[in-house]
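Look at the two complexes coming up: chain A is in both, with chain B in one and chain C in the other.
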Partner chain A sequence: MATTMITTLDRSSRAAARGLSDISIRNLFIIPTILFLIVFNIFPLIYSLGYSFTDFRASTNAPANFIGLQNYRDLLNDPYVWSNFAITAKYVIISVAGQLLVGFGVAMLLNRDIPLKGLLTTLLLLPMMLSMAVVGLFWKLLYDPSFGIINYALGLGTFEWLSDPNMALYAVALTDIWMWSPFVMLLSLAGLSAVPKHLYEAAAIDRAGPFYTFFRITLPLVAPILMIAVIFRTMEAFKTFDLAYILTSQPTAELISIRLYKMAFQEWQTGRSCAMAYIVLIMVLAITNIYVKYLNKVKER
Partner chain B sequence: MAAVRTSSEIGFNRAAIVAVLVVTIIFLAPIYWIASTAFKPRNLATTIPPTVVFQPEISPFVKLFAKRSQLRSPPTPEEYAAAPWWERVVFNGGEKIVRDGKGEVQWSGYPSRFMNSLIVAITSTVLAVGMGTFTAYGFSRFRVKGEADLLFFILSTRMLPPVVVAIPMFLMYRAVGLNDSHLGLIILYTAFNLSFSVWLMKGFMDEIPKEYEEAALVDGYTRMEAFFKIVLPEAATGIAATAVFCFITAWNEYAFALIMTSRRAQTAPPFIPSQVGSGLPDWTVIAAGTFLFLLPVAIFTFLLRNHLLRGMSFGAIRK
Partner chain C sequence: MRKTMTSLLAGIGLVLACGTSVYAQEKELTIFWAEWDPANYLQELGNEYEKETGVKITVETTPWPDFQTKAFTEFNAHGDAYDMVVGDSQWLGAGSTGGHYVDLTDFFNKHKLGEVMAPATVKYYAEYPGGSSKYWAIPLEGDAVGWSYRKDWFEDPKEKEAFKAKYGYDLDVPKDFKALRDIAEFFHRPDQKRYGIAIYTDNSYDAMAMGFENALFSFGGELGDYKTYKVDGFINSDKAIAALDAYKELYTFTPPGWAKSFFVEDNQAITENLAAMSMNYFAFFPSLINEASNPNAKNTGFFANPAGPDGDQFAALGGQGISIVSYSQKQEEAVKFLEWFIKDETQKKWAALGGYTCSAAVLKSEEFQNATPYNKAFYETMFKVKDFWAVPEYAELLQQLNQRIYPYVIGGPGTAKETLDALAADWNATFKKYGRGQ
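Let's look at the complex of A and B:
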């Protein structure tokens, strides 16, 4: 017994001496990734922070002049930019609320014994896996006033979805709801299936009505996971570029990412767009921070 | 406890099943419309009322791959008879296939964009999952100073809006000549997917019992040998799922590709919308291109079905 112990220890210590130490393996495994992300994500941001204080235009060879906080001051005093933020906020609220309603509603419907449930769920999840840009493009045909199937199916005649300034943002949000309700559904299903069955049985014994059961049992227990879905979708909706850019060029549907893209790559106001990018960046980091804090809170439970 | 079901409960259940079916049909209608338009003759793509029943055609796919031009005059009967079937379907649509001086058929822009998408998505997936697996193991098994902050830092790089990162990257790439190159896109997509892959793989690594490696270490394996021979095989499913997610993300990406590529390295997502010009677009060809482009993702979605929850929530929810 003692001899085997000694030989085992001996073998493992010899192996340890032969191989790399745990600390060097840890560094070898982690540091390259951190460096890669610093070089390709953080360094560019530092680079653009510098440009955000200049009047640099990437389309000319004119040298960049330092203009201090002028770009930031101009942007924050520009009603046009504020309207872009307002449009984005409206878009985020409509599309996330829509996804929450549809996604959670469908999850409630699916949360029972249904033949072919697995297949139906997978089919319902398909839209969110597809390319927003490519599928979004096809929604242009679906929304077409004269031969689109949406107007035909709903009997709307030649209703203008994308070329009506009042409608365009709603049309983009509707497509987004179609794409991302499945995401809320997926998370809701996980939340619903985790609600202990005995709670419902107890409620049934107490003759609790369906409303009471829903608001006192189902909703409170699913709420944390719904919250994850909402924060996640809010973050993504705030960044939306592809879908809105492809579907419409209406100024009333100009989200902040689209404004930023135009400023940087069509008007070539490079310095100013860098400043704008920083304003957006700070907002995204704030939402991400809330998200991660919330995630950790949920995990601790 | 056996639940006694009242007739109203059973009725409600039936109504719910019908509602689920209706919702599924509505959700799949746009995808069905893409797939069916890809097999329609051009004159049936934009009809009022919409054409649902039709004789499927392969011509949209021929037109997708071959470079075409308008026919000024219809082909002579001899020309028509001598043409192969795929050229005839193009003739039937009032167009002809463009050939070079030697009579070689010219390709359209689509095949090269599809290839670019494959090259960029596969390479960046291999890099991101490779690096991510090592890093996830490091975070999972060793004490790392400021681990929570580092993981937050890694996640936050993924949350940046693409246009925000693209502005400085565009300037830097222009300075070093990486604009419109495969390498440039591969680097961007690797960085983008790396954070995702670290987070997802860490979840999978955490689930592999530490005792497996500890037993191997006691048996005289080095830490590296234990990692490669014990941990990696155990993590295979997780690695595969992570890889498929990374592939799909890179495959679908639009904003970076739009800004960073124009021709040589352009991928399919910016190319397909660019075909819808100012005139009347041929939706059957666009649908054919879209159909082929979406097909791999649709297949992967079915393969991934049991991992979707985990992947889409960055490993936050595991079921």
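Let's look at the complex of A and C:
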């Protein structure tokens, strides 16, 4: 099986002339990649799992003591950590739902013959191409209560987007929606243009209404690719750091990754932050798994 | 193939050769500090040192929010990128017990620095643990939280008259927290886009703590007993509760969106005509008397943190000492630099360049006190400062303070007593975790 997957080397090629076999070429390409993965991903992952059971602090010379599940127990009993998780969940739901709605909506609008469609699509993709930190910095200016253009344009006076504890998380989510809706739009456009035209023609002949056509033809056929967008955006939203960190310091908008950063690099509680990272990892894996299961189901239909 | 190999090896060889030639340059010292004006002044002072001795001094900087993270990442990796670091006063515990700082006790005693430098700077920038007579740094940049205010607003006869009519006493630089509060309330006019006061509220590092400490210490409160680590009856005492409520009340007189403000925003409050008074570190005052950076430079005055209701008057300490990094390969050169740095004439030069010297003699001199509009307030403040915990786990204590106090000040639920009782419980748990006191 394995050998049939490798394309045989052309006997007249330079590589063959040098005496390199198929296997050695395969090894040449694969071994560095695998080594890289092991050294920079797998090894630290396992190493940090070990640390998560200790009271290790990278900033001191004190030896790491094995403390069993103490870190996990403490973290899962910490009401602040739970509130961070609740905030993150709320953020993920708002932000992904918003991106799906806006992204898919814009894709529907663009999925027809309009002049300058290519240019329009490219321009709409711009937010996604910016750096998160830059987006954070200039949205901070846009939201400014004293001179921000958003309050000026909407006539909101000195409404405090980022300083209001109840509003801060929504403001961050809004920025994220602005930035990442184009991504959902791009994937949706690909999905929409793949829907066979004859299905719409058949629906038109049967005098199906626009809602019926949308829910029975468009949505089911685009669903798998939308699911992929949702998976990507959920994972990304779950680990959002830069945007929220730059925009606000409201505890009501303190996402789990910000808490993790503070624990690891400001407080230097290395052992405990490793445990926290594992808890987050398990959660992301679990959520992704649910999505993937659902995606497979959608594809089977 | 062989040819490529050879050229590759030659390339690597060349790179290594270049590398070693850089390392061979012994006559260079790197000092790490945060990115702000005093670091530029230190670079200028370093240039003088190079002229005298031929040893090149490079002051490497990074923005404040990254400073702690970057320094400790280097320490934890036992890296020798920096020979000396101008570390925050709270780092002393982590730097000394973690083995990152070189013990400077002998150096300190040999040069009698305990007498040369202002007592508070020795206590908070150099000594750890408190009262142990073990020293890890040389006081370099003295700093504390002071206040700037709009002289033109304060001296306007109409305002003076209206103030007297409303509060029954003359409008002047506030002598106590009650006057500070009254003036803040008096000038707070959102309809005119003028606000009473600018205070620190940022909860990402120590801004919130420094701001609150200004009230806490002047109200006669304490964070705890630094020797026994007892916090109950200190941080949640009646005086501390009154101080927290006073700070919360001041927040109601701040400009809109003042929930993440630190030194940049507080200076903007003065330069952008937002507030009548603004809290800030003295280190940021030079830009307020510079007309290029402050259009109101001529109308900006300064005062020391006012007294509390019982007449106590203290201020939160900023500032840093300079330490030798224990992983440096050039510790002897670094000691020579420090010997030069503590000389009286160097300290005078340092002050003239804009650095805040900690040398008691220079601070007391008329020349220094009259050099700028804020030097006198600085001198007064530096002899009555107090600081945050300096234990290795100070960042956890800071985080707990932010977690409890920030939501309360910004308008969250609960009472000051509940907030501070909860903070005391957090701190007790942390000290217990690290086996302190009890």
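A few remarks follow.
Rule of thumb we're sticking to: the second predicted complex is superposed on the first by the 266 of 301 C-alpha atoms of A that agree within 3 Å, B and C clash if a C-alpha of one lies under 4 Å from a C-alpha of the other, contacts with A are read in each partner's own complex, and residues count from 1 in each chain.
Just so it is clear, a contact is a pair of C-beta atoms (placed from the backbone, for glycine too) under 8 Å apart; a residue touches a chain by one contact, two chains touch by 3 or more.
Source: prediction; values computed, not measured.
In the superposed model, A:L142 lies in contact with chain B only, and not with chain C.
When the two structures are aligned on the shared chain, A:L221 is found in touch with neither chain B nor chain C.
In the superposed model, A:D22 lies in contact with chain B only, and not with chain C. Shared-chain residue A:S163: touches chain C; no touch with chain B. When the two complexes are overlaid on their common chain A, residue A:S249 makes contact with chain C while staying clear of chain B. In the superposition on chain A, contact of A:A64 is made with neither chain B nor chain C.
When the two complexes are overlaid on their common chain A, residue A:T33 makes contact with chain B while staying clear of chain C. In the superposed model, A:V195 makes contact with neither chain B nor chain C.
In the superposed model, B is the one of chain B and chain C that contacts more residues of chain A. By the touch criterion stated above, A:L186 is placed in contact with chain B alone, chain C being left untouched. Touching of chain A by both chain B and chain C, each in its own complex, is seen for residues 18, 58, 144, 146, 265. By the touch criterion stated above, chain C contacts chain A in their complex at residues 1, 68-69, 72-73, 75-76, 94, 97-99, 190, 193, 202-205, 255-260, 274, 392-393, 395-396, 399, 403, 406-407, 410-412. Interface of chain A with chain B (complex): residues 8, 11-12, 14-16, 18-20, 22-23, 25-26, 28-30, 32-34, 36-37, 40-42, 44-45, 47-48, 51, 58, 106, 109-110, 112, 114-115, 118, 120-135, 137-142, 144, 146-147, 149, 152, 178, 182-183, 186-187, 190, 193, 201, 204, 225, 228, 232, 235, 238-239, 241-242, 246, 257, 260-261, 264-265, 270, 273-274, 277, 280-281, 284-285, 287-289, 292, 295-296, 298-299. Contact residues of chain A toward chain C in the complex are 18, 57-61, 80, 144-146, 158, 160, 162-163, 165, 248-251, 262, 265-269.
Residues of chain B touching chain A in their complex: 1, 3, 13, 16-17, 19-21, 23-24, 27-31, 33-34, 37, 46-50, 131-132, 134-135, 137-139, 141-142, 144, 148, 150, 152-157, 159-172, 174, 187-188, 190-191, 194-195, 198, 217-225, 227, 248, 251-252, 254-255, 259, 268-270, 272-273, 276, 283, 286-287, 290, 293-294, 297-298, 300-302, 305, 308-309, 312-313, 316-317, 319.
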